[in-house]
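Heads up: the structure comes next, in structure tokens.
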Amino acid sequence: MATLGLIEYQDASPDVRAVYDDIMATRQTDWINNFWKSIAHDPATLRRTWESVKQVMAPGALDPLTKEMVYLAISASNQCGYCIASHTAAARKAGMTNQQFAELMAVVGMANETNRLVSGYQVEIDERFRTP
Amino acid sequence: MATLGLIEYQDASPDVRAVYDDIMATRQTDWINNFWKSIAHDPATLRRTWESVKQVMAPGALDPLTKEMVYLAISASNQCGYCIASHTAAARKAGMTNQQFAELMAVVGMANETNRLVSGYQVEIDERFRTP
Amino acid sequence: MATLGLIEYQDASPDVRAVYDDIMATRQTDWINNFWKSIAHDPATLRRTWESVKQVMAPGALDPLTKEMVYLAISASNQCGYCIASHTAAARKAGMTNQQFAELMAVVGMANETNRLVSGYQVEIDERFRTP
Amino acid sequence: MATLGLIEYQDASPDVRAVYDDIMATRQTDWINNFWKSIAHDPATLRRTWESVKQVMAPGALDPLTKEMVYLAISASNQCGYCIASHTAAARKAGMTNQQFAELMAVVGMANETNRLVSGYQVEIDERFRTP
Amino acid sequence: MATLGLIEYQDASPDVRAVYDDIMATRQTDWINNFWKSIAHDPATLRRTWESVKQVMAPGALDPLTKEMVYLAISASNQCGYCIASHTAAARKAGMTNQQFAELMAVVGMANETNRLVSGYQVEIDERFRTP
Amino acid sequence: MATLGLIEYQDASPDVRAVYDDIMATRQTDWINNFWKSIAHDPATLRRTWESVKQVMAPGALDPLTKEMVYLAISASNQCGYCIASHTAAARKAGMTNQQFAELMAVVGMANETNRLVSGYQVEIDERFRTP
């Protein structure tokens, strides 16, 4: 029930196709998932979002698997069903094992718990944690 | 302005001291940060939370640095000031560089953006992303 | 699977019917959506919520389309599926075009991204932004 | 640094004063906290919010202490500093003990943890939990 | 579509079965809901989470019904569909009436509203609300 | 206490200065706020974020004031103190009146309330709201 529907490759304008082509080439895959087909109704957002994701998720000081797991962790914390499904798949493709997934979720859960204990108890920042 | 105040080591009951001792031994440090001193008013929660954090953050399929960075990522996404300050310190102690921090935040930001594009466009989960 | 079920017009008590009638008259429509039928189990909440929504969404310093788009923006940011579906419909009825929808979602996404960069980097408020 | 400043009783218009008077009478207190003085710049929102809070927080099927603790629980979960401070005070005034506060926060923390485990593991609703 | 599938009793390892047995004994029921069957892929998380939930939800300064309602309130505020369904069932089993449910949701809604008015208006904490 | 400190114009590298220059030129102002000075430690994120914000906030199907108000609405809903302060300033510069601010916050508050009533009552999407 995507709000504006999905734009399939064969129905896409040249600029949308160019992004689709780059997504498939970068990800070494032969299909486009619904997220991109949904936002393709706004070619500027499609291009901007893809270029940003490509830059942010490229290998750097953090390796691709770590980045995918962080993306999945945030999506789980935000409770975004689509994002959890798609980034679980992406993290697995990048090598995430079941045990890594399980430990990742354990950290996500624990962080969400202590974040609220901190706020509820109105804990003040220790001087040692303040940046000089 | 911690709601119930802070319980310092010298004022702590034996069971609270035992947890404080274990925190300092496990973390190889000689002080206790405000979070633990705040929840120490409820010794059962102090012990349970510490035992859980100790178990969850121990090296496993994910290394300690990755776990600390995920904890920081969730805290940043949840906008918990205390947690961001304390887990930035913890991640740095575990070896996080400025560049790793910057890339981590970039992933956190991007995930929060696309999570909302997904929900706003009402994107449906692709069949390929569904677990068999 | 509404928790308490849905209360249809023909089964409603007079006070619930009175609210339903006012909703339909105010919105110039001939049906009641599931939200109201769900909370109608608590007539006080039904009336209070409707009176509040009616007051808040009435034309004022902000026009009805802007208000509907803000409502949709918050619902997308909060990832409330029902609310996104219902307020997308309401915003369209108020005149929202596909391009306006797309730009609205782009702002929602960007705000969610920079909100987390701000928290993660622990950015302090500039003096110039403080209210005198 | 309230965005629009605070409206003190002596500077308030008659309609704002009427709400202030009702707040003090209902709460059996002789002062107005900053929240009301901030939104008083919008008398319609002041009145509507106060009338709603008064109705929602009145004794009913849930007693006032339980309602105040739930309000505090939500505020802690949402990490709203002002709300935590003000509703901790309100809950204490309604009789909340330190031990009740501690148990309340423990539930808030645990719910936030399992909420994310549920989403991360993509747990489906059991048939028995679906409302007939 | 649980990410790692569900582990049924007959397929469970002895340590997982031990937790399942304790869940059923503690809750005086003869079945295990999907949440536990999902996280059972990580026996350490299963055991830790169950032990924590058992401790946190046990009768104490707050009675079991109040605790269940707070758990439900947080789940509703966080918009976790599974958690809302399962904890509505649990709260009902603990005695929650429809009217209590309705009042609970009214408080949850109101707290979420005023939490944002507070942040939007940048309301500062009153001196009287600060803990000495 | 920005995590990595602030990079002032005189200390900035040429690529960071180029972004600072474009920010000041685009916004017709002579200073850079702390957000940009904080993320300037990661020039790629600085440039990407600025280019994205510039594109997203440019006049289009939505006018600049509406876009700024939506940005502020999301920031208030997310309870990001810095973002609320900076975007309140930006919205005022774009022409937002006190009355528009007040109505905006009223919508933000109401949406946050009904979003939770919807989730708590487990309201299902009406067929009429589903996109064909």
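Think of it as A, B, C, D, E and F in the order they're written, each chain with its own count starting at 1.
We take it that a residue touches a chain if its C-beta (ideal position, glycine included) is under 8 Å from a C-beta of that chain, and two chains touch if they have at least 3 such contacts.
Keep in mind that this is a model prediction, so the values were computed, not measured.
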Which chains sit in contact with both members of the pair subunit C and subunit F? A, B, D, E
Suppose chain centres are the mean of their C-alpha atoms. Which chain sits farthest from subunit C? B
Could you check if the interface between copies subunit C and subunit D is built from the same residues on both sides, meaning over half shared, or from different ones? same
In angstrom, rounded to a whole number, how far apart do the mean CA points of subunit B and subunit F lie? 27
Subunit E-subunit F separation of Cα centroids, rounded to whole Å: 34
On a C-alpha centroid basis, what's the spacing between subunit B and subunit E, in Å? 20
Interface hub residues of subunit D, defined as touching at least two other chains: 1-4, 39, 44-45, 49, 52, 56, 77-81, 85, 88, 99, 102-106, 108-110, 112-115, 117, 119-122, 130-131
Residues on subunit C engaged by subunit F in the complex (per definition of touch): 1-4, 31, 33-35, 38-39, 45, 49, 52-53, 56-57, 60-62, 66-67, 69-71, 73-75, 77-78, 80-83, 85-89, 97, 99-100, 102-104, 106-108, 110-115, 117-126, 128-131
What residues of subunit D sit close enough to touch subunit B in their complex? 79, 85, 88, 98-99, 101-103, 105-106, 109, 122
Inside the complex, what are the residues of subunit D that reach subunit C? 1-5, 44, 48, 51-52, 55-56, 130-131
Name, in rising order, each residue of subunit C that touches subunit B in their complex. 72, 76-77, 79, 81, 84-85, 88, 104-105, 108-110, 112-117, 119-122
In the complex, the residues of subunit F that touch subunit B are 1, 3-4, 39, 41-42, 44-45, 49, 78-80, 131
